[in-house]
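Look at the two complexes coming up: chain A is in both, with chain B in one and chain C in the other.
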Partner chain A sequence: MSAATAPVEGRSIPGTIGNFLRDNPIYVAIVGLVVVTSIVEPRFLTPSNFNNIILSAGVLIFAALGMTFVIMAGFLDLSIGGIISLVAVVTVTMIDQVGQGPAILIGLTVGLICGLINSGLILSSGALTQAESLFITFGMSLVYGAVALMYVQGATQFLTYSETDISIFNAINSGKIGPISVFTAMAIVATVILLIIERRTYMGRAVVLTGGNKTAARLAGVPISRTIVMIYAISGLLSAVGAVVLVSRVTLADPTMGTPYMTQAILAVVIGGTALTGGRGSVLWTVIGVFLLVLLNNCLNLLGVSSYVQFMVWGVILIIVIWLDTVKQARVRG
Partner chain B sequence: MSANTGIAGSANSRVAGTATRLAGLQRAFIAIVVVVLVMAVANLFPETSNNFFSEANFINVLTSASIFLILAMGETVVLIAGGVDLSIGGMMALSGVVTILLLNAGVPIPIAIVIALILGLAVGSINAFISVYQRAEPFIITIGMGIVLTGAGQQLTNARPVSSQVPGFADLANLKILGSVPVLGSVPVLGSVPVLVFVMLAVLATIYFVLRNTSFGRNVYAIGGDPEVAKYSGINVRRTKAATYLICGLLAALGGVMLASQLNSASSIAGEDTALYVVCAVVVGGTSVAGGVGGAIKSTIGLLLLGLLTNGFNMLKIDSYVSYLSTLFLGLVIVSILWLDSYGRKRRRETV
Partner chain C sequence: MVEESGPQALLSIKDVSKEFPGVKALDRVSLEVSGGVVHGIVGENGAGKSTLMKILSGVYEKDSGEVTFEGRVIDKTSPVESMNMGLAIIYQELNLVNTMTVGENVFLGRFAEAGGRRGVHAKARKLLDSIGSKVSTHKMVSELSVSDKQMVEIAKALSFDSKLIIMDEPSSSLTNDELEKLVKIIHDLKAKGIAIIYISHKLDEIHGFCDIVTVLRDGHVIDTRKVSELSRNQMISMMVGRTIDNEFPARPESAGETILEIKNINTRKLKDVQLTLRKGEILGLVGLVGSGRTELVRALFGADKVSKKTVFIDGKLVEIKNPIDAIKLGLALVPEDRKHQGLLLGFPVEQNISLAVLKRLTTYGFINTSEEGSVSDRQIKALNIKTPSGRTLIRTLSGGNQQKAILGRWLEMKPRILILDEPTKGIDVGAKYEIYLLMKQIVEQGGSIILISSELPEVLHMSNRVHTISDGRVNGEFDPAVASADEIMERAFQFA
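Let's turn to the complex of A and B:
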């Protein structure tokens, strides 16, 4: 890992519990909330509630996993909301025309192409800052969202109206492989693949190095262009997987259904501890972040907190995490 | 443009800077001319003829751009100083909600407005504290702030629109002030221009003047250009940058008050996407997200372009899902102009 991040690792990994508390106050706060909820609210510790928690993590985890590499490389992808909507409507409308398997493949291809378009725009314009990638992908999210709306003329598409077999979607929604559900298995597979890319491949190192310092990375011969293509392609593809899972879950496709996932994915990545400035982070942290975010929402729901206040809590967490991270970085650099 | 920057020397770089600035101005301006020409051609054919060039539509475009313009002026100042504020949408929505709720609770109109504006300053100072004094990345901090403000607005109103029960509040934005003036009122367009447009023009003129003719304005450009150099030149970088966030918060709150008055109601979700739209419009106009370059007039042109684009598409009524088409084109225009912006910077990096 680059020199700038070494002191952080050195301090936090073998560090004491005190250090951990200081460095990860959001982890601690959410775990505290979970403990409090499980004491005051008996419904929390029921199997059906745990099922709920895993269900609500289902879609978010794919979107957040895809976003992780993008953020680790120091970029952002605001287009995943548009991609999820587009893939969802394309997949559902294709089922009756080409059958369910090919429809899913077409959906995943659409997601991949969207990701490649994003990376093409960013590469060709030479955008190197997070801000530039943020605005370009915001524009593209409008484009993907508008294409989705035009494609189905604004109408919701119902999966259950399909005249052909939709057994794959049913399996994703409720099937089981041994003790674990199908989409949990999918999420585990996705996490493991990404983790191997992150820890064991050259491209994984390239992502971290690009995020650490783009100029230094380029001078050191890191293939930044290939990295950018890879991170956006992964983000597009995983958003598409998320869209397929979402469609299976709610059994319909709406041309605006992807919108909320953009904020939530960024939030989950950031809560997990991946630095928004790039160069530091892990797919595993994102998995933790997703579960913390879902647990947080679940606890607040059970405690009867209104959804608007939950929304505010998200914003406050986002601010606090970034702020604390900045303070920590400043302390490390001295 | 890139050839000029290759030659060393301050005089040449100033020439190059002017060229870049002109190029930035031209892009959006040319696009506006194209939109107007397309509409003019469309009006030649009976199937596509429309009211684009009517007085009513002119007023309509001007009025609907006004709120965004008020917000864009604050955003321009922040962007030039090298920051960004994405909480303006939430601020606008919340300030409208707060104003209406206060009015309905019996607070006099001026006091309600002052409270809303103070709220804007307060939010601006929180943004400034975290992103300037604590040096956190302003993008996500202000996105987070926007979420908090939207959530607060939803909590206050239960996410339902609230309408004002105070007569006269709507006049604040909608009164056709010159309509009753003897001479001016009879001039075709002037007579039907609402107050909102004049408020917008006042804000525009103020920001234009402040950026060009005051030391504060010059400092803002200097900080955006290079904060280190600005610091060594004796500029109080932090205080100046913090002031830009305060201005932005204040103007976002003002925009919210005017929007509430224009519609005589307020909705907590009114600010969805507003911040990104406004920032994109400002950047489309030629203000750089990297800081140091930009201006009030440029932002105005950028906003008018996006406004005219949407308006033109709606006027053409090409097919039943025309509103999606206009969103599509909006996205494409934003992407292509931002692409050009980044590309220009890349070329300059490579030539230097």
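Let's turn to the complex of A and C:
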């Protein structure tokens, strides 16, 4: 601990792009890969491929935005895969019974309730560590996933088989507001709202303070319990929004379809530069992280890298990012 | 001046300088240490004491100058090499492996040369016996008290046949008894011809058992003198660079009616604690570590669970379930453990200061950040916090300035009852005095203070009334103007 470096006087919040890139070399690496791909693979620079990239980012971004607050507060939410699956099947099966609008509202409510259940369990466990939040939400992920499977008896539900109007889903999938697609607009709205919460509000400050030092923040009157409820509620709700976008896009709901998003959301947040230890991060970084991750997947696909190898690449990136962060922290602490 | 110790000096440091970006940590520092001498080094935080030690141990490299140990010029070294040369450093935070036994720690990484498992324990036993320590060599280090851990460190230093042992703030977590034990060992080591460099904030200790003292300030050696030639006040003025007539300001006048009445607080540790606090009063709480003094103020503040708590403020029964309730009622707590319970180390000074009044700076959920900036600037100025700006990360400030920032956090909310748990721990003399003045200012403006401190003189000089706590009970009340320190300590040591 004491060995590393000189005391740095007057170090303030990192602001310059140079510092930022030095602290986030993974950005440079992925952008490098994109440049290489665009040279060796002509299909990369086609409009349809860009469309692909935006579509893939469209689902992930909601889950990752919610995950950002959870991680910034020093916790984890592994349940979002289960929540996405559950919300997807509930929403689709409800359409014929209550109509598309109410079905979506029910879906979002289910997501919100799942988030509240998570926070309730974490608060009642009392000790409030990241590890506990990890195990509790992992357990709940299994529960939500199982409920989804039981609810539809494991069967895939097709949106297109609906006998009533599904125009909202169609609009989310292919509609446009001016030059931008509907779900892009949704993602922008969600990002802006969360960014305002993060930068300007008491709620947002409470999130980073909780992640920075829970004990000190609590002793100074920061409402830790309320913050925990809020971050999991947001995470559940945004996962539900992601589920609705996903359903619109693939026009079906499968009780296991949410599974890959948990890993990807955490990966996107961490690649973006938010510290897994909490106290430092931004939803804006996460947006960048989502695009980097999607670009990475896209490049690997175009270069013909098998999906097995892609899993390995994710794992390696996760480890590198965490390793770099540890090194950075050691440097700052001196 | 000290007589020239000539070529026989064990360690000689000549014109050593070290610069960090923006700071000249050491500026042509020279000093000589001879065998069999206890050499004290004092200086405020940031004076360069730690940098000098880290250069000696090989953690840092010096920019210029010369270090000679036993007549050999040492240019570059590493912590392991300096150990092998016979130069041992015992750091404040101690460097032991908690999950290994005492014996294994003494001979860490040298099991084979110590003769395997049996040899390790036998040899460690001998070394520990030689310093009068009875701790078992088979015990896990994690189970030891700080004092026993220090004994293990000293035994480890002796196992290297050290000629010079540097002790960095060794007394900061010791009780008086444990300190006496350490002093005895220091005398024994001295008799064996081993040189000791003793770094401390506590001038009593320098006066008590050091032979020679070097005062550092802002990276310069101010002077090296025989301790007997220097008075305490002279030493302080050399450290802070100005004359301090008094270590403590005059005791504030006590005043007013009862503001806080604790009818009872019961927890697993505390038994029917009762006490009262008057307006404009400083109430000192004296007790050993573990007596329940910290538990008492934490329970009052709603930080920990209680089994029973009846508290009146202004004669009205109040319910304090958590710190938020406490703050609403005008209570403020500066906790004992600055790093873990007080500071948000990775955050700017500004956000550390605004913390307790953040609700006030918020309208419709939005924080008024320009107001936040002016709150922080006001406190930085009022408390003379040395920081380049409010946006600087608080991690980079010295302990004294960090503590002042935490005080600023609470002063901004104008607390009616300010609880200070070890407010001057690890803080240099100058900053201490500023904190005393602040305390005085707070009570003069009608606030009240509960002061917990392990430094008895501090409690005695600052308080209007002193309660002793022992084994979870308040067992005595004293008027510090007339009661003697011995009387109070005796009561604090008395178990029911």
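Observations, loosely collected:
By definition in this document, the second predicted complex is superposed on the first by the 311 of 334 C-alpha atoms of A that agree within 3 Å, B and C clash if a C-alpha of one lies under 4 Å from a C-alpha of the other, contacts with A are read in each partner's own complex, and residues count from 1 in each chain.
The working rule: a contact is a pair of C-beta atoms (placed from the backbone, for glycine too) under 8 Å apart; a residue touches a chain by one contact, two chains touch by 3 or more.
Everything numeric here is computed off the predicted structure, so don't read it as measured data.
By the document's definition of touching, neither partner reaches A:Asp165: not chain B, not chain C.
Looking at the superposed arrangement, the partner reaching more residues of chain A, out of chain B and chain C, is B.
In the superposed model, A:Met150 lies in contact with chain B only, and not with chain C. Contact with chain C, but none with chain B, is seen for A:Arg200 once the two complexes are overlaid on the shared chain.
Residue contacts after overlaying the shared chain place A:Trp314 against chain B, while chain C stays out of touching range. In the superposition on chain A, A:Gly279 contacts chain C only, with no contact to chain B. Chain B contributes residues 84, 130, 134-137, 139-141, 143-152, 154-155, 158-159, 276, 279-280, 283, 289-290, 320-321, 324-325, 327-328, 330-332, 334-335, 338-343, 345-347, 349 to its touches with chain A in the complex. Every residue of chain A that touches chain C in the complex is listed here, in rising order: 2-3, 6-13, 200-203, 205, 208-209, 212-213, 215-223, 279-280, 332-333.
Those residues of chain A whose C-beta lies close enough to touch chain B in the complex are 76, 78, 121, 124-132, 134-136, 138-143, 145-147, 149-150, 153-154, 263, 266, 270, 276-277, 306, 308-319, 322-323, 325-327, 330. Against chain A, in their complex, chain C makes its touches with residues 20-23, 25, 54, 59, 91, 301, 303, 322-324, 326-327, 333, 335, 340-348, 351, 355-356, 358-359, 362, 365-367, 369, 388-389, 391-393, 395-396, 409.
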